[in-house]
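Shared chain: chain A. Partners: chain B in the first complex, chain C in the second.
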Partner chain A sequence: MNKDILKALTKRILSSVVTLLLLISFLFILVRLSPGDPTQKFLSPDFSPELKQQVMADFKLDQSLTEQYLNFLANIFQGDFGVSYDYRMPVLSVVWQFLSFTLVFASISFVIQIILSYYFALKSIKKSGRVLGKLLSKTSLVVYATPSFVLGVFLIFIFSAKLDMFPSAGLKSLDFDSFSFFGKLWDYIIHLTLPIVTLSLAGIAMFYKYLRDNLEEVYRQDFILNLRASGFSESTILKKHVLPNAVRPLISVAGIELGILLGGTLITEVIFGLPGMGRLMMASIFSRDYPLVVGCAFAAGLLMIFTNFIADLVKMKMDKRMIKGLMN
Partner chain B sequence: MLFLFWLLILIFRFELLLDFAVLTGKYIFLLFTDFNQAIQLLDFSLIDAVLSVALFTCIPIILFFYRKKLDWLQSVINFPALVLILLFLAFCFAPLITNENPDFQKDLKATKLLSPLSSIKVIHLKKEEQNSNSSVANFLINKNKIIKQPFDESIILANKVEISSNEILFTQKDLLKKINLSEVVLVNEKPEIEEKTFILGTDEFGRDIFTRLIYGARISLLVGIGAVLVSLVIGLAIGFIAGFKGGIIDMIFSRITDLFLAFPVIYLIILVLAMFGNSLLSVIFVLGFSGWMSLFKIVKSEVISVKNKDYIISAGLLGVTKFGILIKEILPVIIVPVIVNIIFQFSNVILAESALSYLGLGSGGSYPSWGSMIESGQQYITKAWWMIFFPGLILILTIFSVNDLGKRLNKFFNPAA
Partner chain C sequence: MTRKIVTILACFLILFLSSCGSENTSKSNRVVIGIPADINTFNPLFAFTVDEGAITELLYLSLADFRWNEKQGELEAFPMLAKSWEWAKDSSSITFHLRDDVKWSDGIPLTVNDVVFSLDVYSDPVVDSRLYGIFEDLYMDKKNHIDVKKTFDVKSDYELQINFLPNSSPDLIDIVHPVIPKHIFEKYDRKDLATAKDNFSPVTNGAFVLKKWDRNQSITLAINKNSFLYNPDNINELVFRVIPDYTSRLTQLKKGEIDLMETIKTGDIYDLKSNKNIVIRSIQGREYEYVGWNNIDPETYNEKRELSPNKFFGNKKTRIALTYAINRREILEDYLYNYGELAATPISPIFKNDIDQDIKQYNYNPDMARKILEDEGWTDSNNNGIIDKNGTEFEFTLTIPSGNPLRPYEATIIKNNLKAIGIEVNVETMELGAMLDDIDSKKRDAWILAQYVPIPIDLKSYWYSDLQNTQLNFVSYQNKKADKIMEELTVHLPKDRQKELYYQFQEIIHKDQPVTFLYWMADIVGINKRVKNINITPLGAITHCWEWAVK
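On to the complex of A and B.
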């Protein structure tokens, strides 16, 4: 059995590496295909052709495509994505600065999504057929159809423009440094409330739908009827028998949801002007800072590959059948 | 339902319809007399006007001949279906539903950020009548009169108008201006002053939001349909090849699919649009390219499950080409999951398009898009709620309705699930 696990793990890691390689190749193709002569960023067309040749040689652009590709690969594995035009710093360190915010932001939202959707799904299962259950299901459909930027703008309108309860943009107040520790914490909280609601609601609706469907399906099965007939209390049945069965399929959804979440942070950061990777990417696109754009895209892809890997590990841990599935 | 719409349009836009019909007639006449000129004059707004009139006259005919078949439509009509039908009508008949150019701007001071249902006075100025004997020039004058331009020098928009003995006093916000009566079109010795109502208000450039929403439906649906078609073709082709060949090709394509699934799609789309520039076509292609994965998976698994069945093998032995097998034998088998998938894909694409235009990477160009309307409304959020509310509402309704349609179809095709 141990050998099996090891084998499955190696296979999973290998496939992650292949996906990573594909991602890098894809980025390379995009960069090479994009219109425009790369030397023109450094040279005006008036300069002599010899100078152009020299620049081409300096950047190894005169080599064959395969050699350029290998160079690209080597550079990326050394963490060298070039230098950002705007920040005058290596791309990696710029991305890293902004990535930390996105990571924290997304994980807070993820936790909130799981907890709230779990709570709502249980509520609606218990109250199914009654007004509250129906209301929850209908609301989740509408929320699911609401684009995050529409939701965000509506929230800003209601809570910032009309009620003046939360600030509409930014992460800190202007006089942030003068606050005490708790004052700073509170400042973060009121600045992040609206963004987190914006980011989480769609995910809550999605998890809610899956969890509710799963719960319903498990409740309909015969062994639950058997347990009930044997006199187990409802809460024991729910905790020991229904939930473990219902939560399992959710993990693969969670892997996909992380991708949606990362896309969602991009838009949320733009709406609320938060210092995250998504806004960095948009800003660098509009200032034509291509090394930074590619760096951000690569970071996003890497993050996704990593989180999917983790999701699969958790799945393997919870369901031994997965290991067999991976082996084949 | 359709007939009701037809009647409404007929009553409210009768003059416009007549004008369009006259224009069509003149253009056809021009085609016969001066072919080269006619071809040169052909532009999008003209085609738009002519086509919508043609379609419009077709509606009662279609309704009459297909009334039996359309009966089921009456039975399934509910709110989401209604929204979709209205959207489709807006897509086809935009110039008939609103008699405005979506980019029409005039007298910013008076028309800027007007709230919904507010109205404004229109003073018509006298124009020099151009009369020409040449049929081409005649046609051009006629066309410019009927098809709305984004500018119009012959009117003045004002908030308040007062008429004194020999001049007209009008205000544009806090600005008082006057104009001599001799410059104005007179009807029965009185200046002709119309009232114009903006149902959903105006934006920061004084453009009518209702008109922009109607025209924005075109962008959304066009991008949606285009991108879905692109991903349908890609998904079918790759899925078919991977399913039929199997082995290494299947493995490569599956890895690529994993990559696309793993990648946060919006980063990919933004990356490509940033590298290659954003236009209507590039947005359609990029959204299409980023949405073929689930189709690929469906097609591949179905092809693998049927490719060793007797009827496929015998079709191959009978000399049916691979393409023929795909179209004639496999497509009917997979059509149901593919259609359901396409509908959900459609709503995803509409969402993605509006998000892209919100971020400023949309199709750009001549048409307003719902996403960009919300983006520009965000700056005026404290002053003009209607600028974000109506586009947002329409967007939510659209996505909700498309999702609902997909769910209904899914239920219809597999009642067990």
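On to the complex of A and C.
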């Protein structure tokens, strides 16, 4: 069995590497073929026309696409993604600056999404047919259908502009450094409350719908009736039989959702002025910062593959029959 | 159990409500400015964006500085690192006498060696500085690198003579740029200057020093108490807060979390005016909106690299007719709430001495437009509502960049205005970068864009006939008479002659109408009333901030 796992694991890693390579190669070519170039910002009376030519040569953009691609391949196999044209720093350092925030921010949101959706789905099932159950179902639809830019602006308007309870943007206060440890922690909490609510609500509604439907379906199965007839308590039925069956389909969705969150949460980041991957990627595309676009795509792709892999491992842990299928 | 949880939560809530709330800037003698994007360097060599330029100029001083003379409508130089300077009688050189009390923030005195080093590095082709290629009046090598030996004559640590090429036409503004520390940057290979660590923790000589940089969050500058510009009555801290979303920036301005924000949309002015803490100011005459008519045929140019007149816009009378047909005042009044003024030529009204006030606008007159077009042979021969000439219907695509709601509004008005005289306009929205690429390669027929104008006036970069070297002549305008004027204007002239030439140029461009000049747009600035001494001029809002005070 161990040998099988090792073989499957190697195969999975190799296929992931190929996927990533294809992704960044595709992007490398696509950004260069699309209109515009990084020297467009030098189209100004403030700069001489010679500067544009000089920068083109220094960025090696005057080489053929094949030459550029071969150099790029040679460099990435040494872990060198180049230097960002805008940030004038190695691409991976820039990506890490933004990714570190996104990792924490997205993970907190993800955990909240899972916990609250689980809680509400159970509540809704228990109160099925009653007012609370119906209310939760209707509300989840409304929340899921509300775009995050509307929700974010609405929350800022109510809780920041009108009630003055939370700051409207930013990650921390200007006087952050003068705060105590708990003061700093509190400062982060009040700054991140509205962004996390904005980011999480749609996810909670989505997971809630999935989980509730799955729970309902499992509860309708004959074996549950059988278990009840055999005298098992509701709590045992839920924990041992209903949940494992209901949660399994959700894990794949959760893996994808986490991957998307880690790839950047553009709208929330822009509205609340947070330094995340979404903003970085958008800015790099608009300024035609080719190495940074590829670096961002690489990080997002890597995280997507990783979270899916983790989701598969969790599924495998729950059902050992799935090892081969999942690994392949 | 539930009660306990509720009690704990209630305690937290009380604690929370008592401790949070708005973060306002009135705590200290600090001014906070909201900016949409972070900067990427503190090194003036690479300060390519407007905000990078504004911030680095607070950290690094130049030999001289400039103020805007409102009455004369021109720049006025005043001493900064140099306490005085004198020109040779034949303008072949200039001698600067530097202050001897200026020290870098690490305590090392600033001398002329720093000035020489700075200009040397600015012009070095391996550096790719923002000033590369602009030192036309100095002695240069083949790669446009300043010849240090011929150009600089170091008289002492505080006296420097700069020599110019014979028969050149040097100007002070061309040679005074932020001075960088030689002792810091000389240790780097010049190729690596762009990525130098000292670009991010800079040693500076300005009115401010960098206190803290929270990347993508805020930049905090503290007043430099050792600077000769220091005044204890003025602000002691200046913060640039990065807030990418316009609405969030506006909310923070209203709440007092930031004190100043630029590029306020006209639709928000009414609301801001009702806020007793905010005052609205505007920067006039630095940017005009225009409809670009490609004067040449895109297909012939791109297929054969030949210039032939555009079938619609190659004729100046047709272009004048189009200007007559567009109701510019309607857009100015209804969308911009008159924050701006109609434009007639590319010479901004801020240049009071040089603008020809007698030039008459082609005011909205569809009948006149119809008549001109008819005289030019454009008639609706097949009664389909679209005018035609030699079998070609007058139908074209107007390209606008995405992202600014003003542009679709303008495009709709223009489309309707032109439809009324029998011209069919198809509006196409493109991402700005992609659109610029197309316009630069002359692929588009017509477009709407804004043009930022430099100070002092620069016409040659936009309107000169040499299309290979005039990168901003997007419409491919060509006029030999205008070329001669622009050539003459590149050298120093008596003010009267200069004015005469500018008047002649305006007359030519008005008659040729290479583009439809729509209006000069104002940059609207919202400022918290507690901030005093802000001098809003065409040079911008964020200049000479060390003179600001908080009352």
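Keep this in mind: the second predicted complex is superposed on the first by the 273 of 328 C-alpha atoms of A that agree within 3 Å, B and C clash if a C-alpha of one lies under 4 Å from a C-alpha of the other, contacts with A are read in each partner's own complex, and residues count from 1 in each chain.
Here is the rule we use: contacts are C-beta pairs under 8 Å (C-beta built on N, C-alpha and C of every residue); 3 or more make two chains touch, one makes a residue touch a chain.
None of these values were measured; they are calculated from a predicted model.
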| item | value |
| --- | --- |
| Partner chain in contact with A:Ala106 - chain B first, chain C second, else both or neither | neither |
| Contacts of A:Ser34 with chain B and chain C, given as first, second, both or neither | both |
| Contacts of A:Val153 with chain B and chain C, given as first, second, both or neither | both |
| Touched partner set for A:Asp177, first chain B, second chain C, both or neither | second |
| Partner chain in contact with A:Ile190 - chain B first, chain C second, else both or neither | second |
| Touching partner for A:Ala202 - first (chain B), second (chain C), both, neither | neither |
| First, second, both or neither for A:Arg88, with chain B first and chain C second | second |
| Which superposed partner A:Phe26 touches (first chain B, second chain C, both, neither) | first |
| Footprint overlap on chain A, where chain B in one structure and chain C in the other make contact | 34-35, 153, 156-157, 160-161, 168, 270-271, 286 |
| Chain B residues within the chain A interface of the complex | 255-256, 258-259, 261-268, 270-272, 274-277, 347, 351, 354-355, 358-361, 371, 374, 377-378, 381-382, 385, 388-389, 392, 395-396, 399-400, 403-404 |
| Complex interface listing, chain A residues touching chain B | 15, 18-19, 22-23, 26, 30-31, 33-35, 141-142, 144-150, 153-154, 156-157, 160-161, 168, 256, 259-260, 262-263, 266-267, 270-271, 281-282, 285-286, 290, 293-294, 296-297, 300-301, 304-305, 308 |
| Residues of chain C defined as touching chain A within the complex | 16-17, 19-23, 25, 27, 30, 32, 37, 40-41, 46, 48-49, 125-126, 128, 130, 132-134, 144, 194-195, 199, 212, 214-218, 220, 239, 241-245, 247-249, 251-252, 254-255, 257, 431-434, 436-438, 440, 452, 454, 458, 461-462, 469, 471-472 |
| Touching residues (chain side chain A, partner chain C) in the complex | 34-37, 40-52, 54-55, 58, 83, 86-89, 97-98, 153, 156-157, 160-161, 164-175, 177, 186, 190, 269-273, 275, 279, 283, 286, 288 |
